[in-house]
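Next, two complexes with chain A in common: one pairs it with chain B, the other with chain C.
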Partner chain A sequence: MLRSQRIEALYALLFLAPFLIHLGIFFVFAFVRTVGFSFTDATLIGQSSRFVGFANFVELFREPRFLAALTHSISFMLVVTTLQTFLALALAAVLNQRLRGITFFRTVYYIPSVLSSAAVTVIAIWFFQKTGFLNTFIGYIGSLSPVLLTFGVLFVLAQAVQVGLERWRGLPVPWLDPALATISLVVALALTWGLVGLGVVRPLEARPPEFTWLTNPDRFLGVPIPLWSIVILNTFTTIPTLMLIFLAGLQDIPKSLYEAASIDGATPLQQFFSVTVPMLRPVTFLVITLSLIGTLQMFDQVALMGDAAPLDSIIVLAYYVYNNVFSGEGKVGLASAAALILAGLTFAIVLLQRALGISEKAH
Partner chain B sequence: MATQAVRPMRKPDERHLARQRWARAGWVYGTMLALAVFFIGPFYVAFLGSLKDNPLEWPFRYSFPQTQPKNWAAAWRLGQLGAGNPWTGGFAPGAEVPFQISYFVEEGQEPEPPTVTVPTRRAGAGLGAIFDEVQAAPYAQVSEVQEVSRRPAVVGGQPGQIVTYAFTIRYPRGDATASLPTVPRLPLDIEAPRGQRYYAATLDPNRLERRGRVASWDSITPGFFGYVFRNYVRVFNEARDPNTGASFFLRWTANSFFVSLAVVLTTLLFASLGGYALARMYLPGKNYLFAFIVFTMTVPGQATFISNYLVLRDLGLLGSLWGMIVWSAVGAGAVFIMKQFFESIPREIEEAALIDGATPVTTFFRIILPMATPALGALTILTFQGMWNEFFKAAVVLSGQQASYTLPLGLSFFRSAYGVAGDWGLMLASAFLSMIPIIILFVVFQRYFVEGVSTSALKG
Partner chain C sequence: MKKILVTLALAVLGLASAQTVVKLQGFGGNDTAIMSSLVREIVNPALEKEGIRAEYQGIEGDYRAALLNALSAGTAADLFYVDIFWSEPLFASGRVEPLNKYFTPQELAVFNRNLLNAFTLRGNVYGLPKDFNTLAVQFNKDLFDEAKVPYPNQTDTWDTFKDKLKRVQAAIKDVAGLCVVADHARFGAFAHATGWRPFNAQGRTVLDANFRRAFEWYTSLVKDGAGKYAQDLGEGWTGGCFGAEKAAVAIEGAWIGGFLRDKAPNMRYGTTLIPLDPVTKQRGNFIFTVSWSMNAASRNKEAAAKVLRALTSPEAQNWILSRGLALPSRSALANSPIFQRPGKENELNRVVFQGSTSVGGAVLPFKFGALDGGNWMRPINEALQAVITGKKTVDQAIADAQAELNRIVR
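Take a look at the complex of A and B:
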């Protein structure tokens, strides 16, 4: 090694020193210690601890609360990732237009993602109360359903009549021709308004909401209802971030591909599935990985719900670990074992992504 | 098809295509407006809720006393009359507050004047109940209730009349020697005899009970903020440290600023140093180190916090803001962003400086850092936002020490302290107050937020 190189390496270490020391204490040492704790019966207040082998891991899988946390975490991860990925992609596809003022909308949509999970969760708990806004809104839509249904039927009819007429005159208009749809919209609105005014169609009477979200003991698709409310909350706040990542990916797709496809006569839907989707595959991979890891490690929302919902219906792995350390005597050994399982799951996802990512490149 | 045989398909003409383009743009904008409602609407209705006396009322009202300009003006004027303070109101010696209330009385019933009392009422539930507030009851004198007018009216299909009564509440100065306190609120209850229903008043009441017979106000001299943003004023006034009497919320805001700014400073310094070394300097095994750094970002905080908690406990930093700062001083993500940035700037500039004989330290601080201003700006915003919103570390380090909470932990504390009583007005108001700095930051520096997400994530 040259002397100048050695000096440069020394400087590099000097520059990196604060970061590396921090990483050493708060990550490497901490992680090794967690591994150590997981094989002992250490507690937060106890002075001494002894080696217990894999007893903690065995105990975990016997404890109903841990098993609940594990199933909740995994189902939460799968449900939210699926919802988020599809919705974020759809949203990005809508937003990927060269139109005036589109950046304004992008900014507006991003707001739920920048606010603190604490503030948003407090608002969400209000939202999910029995007489909170969500139930009010659902009830409102329900009571309006005759009107909305009338409107929908009229719209479809008006559109069908117009498209049929145009085609009969020999114009190849698509079923969803935007210009004709605008006319259908106006016609359907006017007719619905008229029918409601004449009293032919009447909204139902609104009834006080009965459904509880946060204290509901029922399950839907095997997931407790209170956890579903966190699913809704988390999907809502994370979609914008994922949408922006998709959008950046969409803008990297060369325009020429779409031009070539449209010359070959591909419809917009065909273009989406044969150009956009394959070209977006790496970005989709990234989004799915980020989403899987983020949802698996979800902590804030559950901790902030607190006693607004029964703990056993919303507990997830990350909160299970925290709760075991900071309640009762502080079962550090058991919590460490659970934390390692959480870390192991995360690591498995990263490895899986790597493995699939490589085959992706070969493809 | 028969029709096609008769009429061959025409190509759509230019006018038709233009019409389609315009209509499509209209639909896209319409969709985007709908999506904006979807993303912002929940916050809007929650904000409305935070202004209400009962945010959980059913059915949900979009227009209620606090949103009506008539009450804004009245609250302003009454605050001025009560204590010369149009913003937050009060009740000061020498005040004279005239007030009017109208009732609907059904036909065939003789109207009677209502009973007016200034009740002794504690402020709110939870923490506020600990403190003894100066009450208005001992100082307020209610004049005789006089009938002002009667006019016939039909309300809800029932014929009858609307009767208006007036009275004045005074705060006599007494003899000049006694020093009288200024009372923060002037609560009022007005109870009408059976059959009379509340119709209108100088200021709409906070609560109506017993079918409009009993109207009650938290303060009839509230001032503009005291009426419209009543729950927001309560966030500051009611939640106080039981020992010192200092406002918790102000303290938490100061704590949040302190932690966020301190971590921004340490992160800027350490992450740019580390990122530069990783991007540019010679170091054997650098790539392995970098791969390891990326790996650390995927490990959940739950796998490391136990030891970090113990380390901070041994250092005596538990329950202290310094503990949070030390734990968050520099993150792998920040180093990552800075490394990416330094790799994107041309090498020639620093090489020229190095040839001139400057040491790496001088080069870094004199030449590299000034060039990195845009990246440092983005890092500042992202770090500030991250720390302002940080909940997990705060829950680990600061737990139990209410005076050193940061805002997210404070909100969680409010949720458990006021959630039992269902005091949603105060909880929603505190949530909105805690968002203000981030919203301002977002509005001013939105580009950094949006670009920060897409670029840093894509390159990962």
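Take a look at the complex of A and C:
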């Protein structure tokens, strides 16, 4: 090797050193230690430990709580990844429109991502309480149902009358003509207000539902209700980040494709499915991969829920690992085995999605 | 020349280390302020001549996780709090120094026998009780007056107590009798009164007919209109509801005094003993306590023992007691005139102290054998929650809890 080449290599190593040291300590060292611990019966407070082979792994699959955590983690991953990918794409498509003040809406929709997870979870605990905002709000909407129903019926009537009149005059107006809809809206609002004022239509007594979100051991679609609360919470907080990635992807699609499509007579819906979706494939791959990893490793929201919900109905793998180390005598060996299973699962699922799911290349 | 230099260097080092620093670790929050003052005003002046200085470090957040972590990493303080709730696995691990070497039996005998026993394992004393607490009933006098219901008193049985709560809840809108929590740390006191014990002679947990009787009464409070489920009112403990006047009574220890001083300084409240089981005519209670324990890996054990002696000295405990901060673990202080002073907080402290004596009935330490308390209690807490929220019948909930406990208690 030439002297200059050697010096260059040395410089490269020097620049890489901070990252390599960090990686070495917090990843390689930690990972090797975890693998080592997983074959022993080490505890946090014990003085010595023995090699136990695969006993920890065998014990894990006999333990109901671990199996619960495993199924919760997998169902959480499937539900949340699906929900947030579709919703983030829809939101990004809407926010990609050229409208006045669109930056304001982009900012507003991004805010949930900026909030700290701890603050959002604490607020969510109040939100989901039996007498919390969600149930009170549902009760309020329920009590207003006669008013809302009157408004809806009046609106449909006003619109039907107007469109009927226009068509009778021979004008081809669509059923949801915006100009006529605005007039119908004003008319319906005024009439409803009048009827409520006259006491003809009256709101019912507010009766919030008795449904409990956090302390409910029941299941919906095989997933405990408290975990559904975390699904809602997690989807809400992670959509904005994914939306931002989609938005960046959308702006990369050449305008000429849309122009060509519209010349060929494609409707906006056809354009979305035949141009936008295929062109976004590399971005969708990234979003789904990030989402799979993120949901499998979700920990904070379960930890912060704490005693607000029964542990067995919200436990996921990452929390199972933590809980085993920091309760009882601190089963480090068992927890390490569970951590390795979580790592293996994450790896396998990402590989599987790469092989069978959405590919990296645009068509 | 070399020799002189080495001697000089040693001398300088010697001067620098003339003062031995003993590190103390405990809860954060209020404890940081209290313990730092105690160390500054009582402990350090007493040990100044011996060249020992104590330093208190409060840990915010999950104290137990922090302590276990520090112990296994070898960075724990010389003396630290150990909560009785998770003490036994820690004592059995060998990470805590037995204190018999440093204290004579006479020195140990001055502590409340029950408390000291709670920190004794296989004949070794692993910690000196710092202070303690039991449960008592606190009642809001204004709410009871408004509802024209007599105050709870120490002759109340479960039935008369529940009846009073029902009458208050019926009379005043938006006020519950009691905020019911799904927590063995409260319910357990009633279960003890029936004669039920967490572990039978064979060391197993059996949820028998006595347990069931207490369980049925406790869970019926919500159903029969004597209380509301705390979480439905957005509170996590009975004291939270009480302080916000959402409930007429609370079942808490002396710690509620400091909370009410901040939250509801003008509330007129009284304190009485836990009601009696109508069948056994007994009461039950828990002893909650925290010890000062010594790190087995400490390098200053002799100095730490001296600090420990100063921390639990009569002067130190009097200092704490006279400020109404905690109850003393030394038996002699039971007759302290401070307990007889008038005022709602002194009454609270007096009744909570009485809870640990024979008046308190079946009083058990808040620990569950060699098991982690949290793991042992979880099935019972979830059974309570399931019945209170109407998700399970009493039979089903107890059967499920028993099955889970059979798995845990082996």
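We take it that the second predicted complex is superposed on the first by the 292 of 363 C-alpha atoms of A that agree within 3 Å, B and C clash if a C-alpha of one lies under 4 Å from a C-alpha of the other, contacts with A are read in each partner's own complex, and residues count from 1 in each chain.
Here is the rule we go by: contacts are C-beta pairs under 8 Å (C-beta built on N, C-alpha and C of every residue); 3 or more make two chains touch, one makes a residue touch a chain.
Just so it is clear, the model here is predicted, and its values are computed rather than measured.
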| item | value |
| --- | --- |
| Combined model on chain A: chain C and chain B, fit or clash | clash |
| Touching partner for A:199 - first (chain B), second (chain C), both, neither | neither |
| Touching partner for A:265 - first (chain B), second (chain C), both, neither | neither |
| Partner with the higher number of touched chain A residues, chain C or chain B | B |
| Touched partner set for A:46, first chain B, second chain C, both or neither | second |
| Touching partner for A:329 - first (chain B), second (chain C), both, neither | second |
| Which of chain B and chain C A:307 touches, first, second, both or neither | both |
| First, second, both or neither for A:215, with chain B first and chain C second | second |
| Where chain C runs into chain B (options 6-14, 24-32 or 330-338) | 24-32 |
| Overlapping contact positions on chain A, where the chain C interface meets the chain B interface | 126, 129-132, 307-308, 326 |
| Sites on chain A touched by chain C in the complex | 43-47, 126, 129-132, 212, 214-218, 307-308, 310-312, 326-330 |
| Contact footprint of chain A on chain B as seen in their complex | 3, 7-10, 12, 16, 19-20, 22-29, 31-32, 35-36, 39-40, 42-43, 45-46, 49, 55-60, 269-271, 273-274, 276-278, 281-284, 286, 293, 295-296, 298-311, 327, 329-330, 332, 335, 359-361, 364, 385, 388-389, 391-392, 395-396, 399, 407-409, 411-412, 414-416, 419, 424, 427-428, 430-432, 434-435, 438-439, 442, 446, 449-450, 453-455, 457-458, 460 |
| Chain B contact footprint on chain A (complex, rising order) | 5, 8-9, 11-13, 15-16, 18-20, 22-23, 25-27, 29-31, 33-34, 37, 91, 94-95, 97, 99, 101-102, 105-120, 122-123, 125-127, 129-133, 136, 167-173, 177-182, 206, 208-209, 236, 240-241, 244-245, 247-249, 283, 286, 290, 293, 296-297, 299-300, 303-304, 306-308, 317-318, 321-322, 325-326, 332, 335-336, 339-340, 342-343, 346-347, 350 |
| Residue ranges of chain C touching chain A (in the complex, touch as defined) | 62, 64-65, 68-69, 71-72, 89-90, 93-95, 229, 231-234, 236, 371-372, 374-375, 378, 382, 385-386, 389, 391-392 |
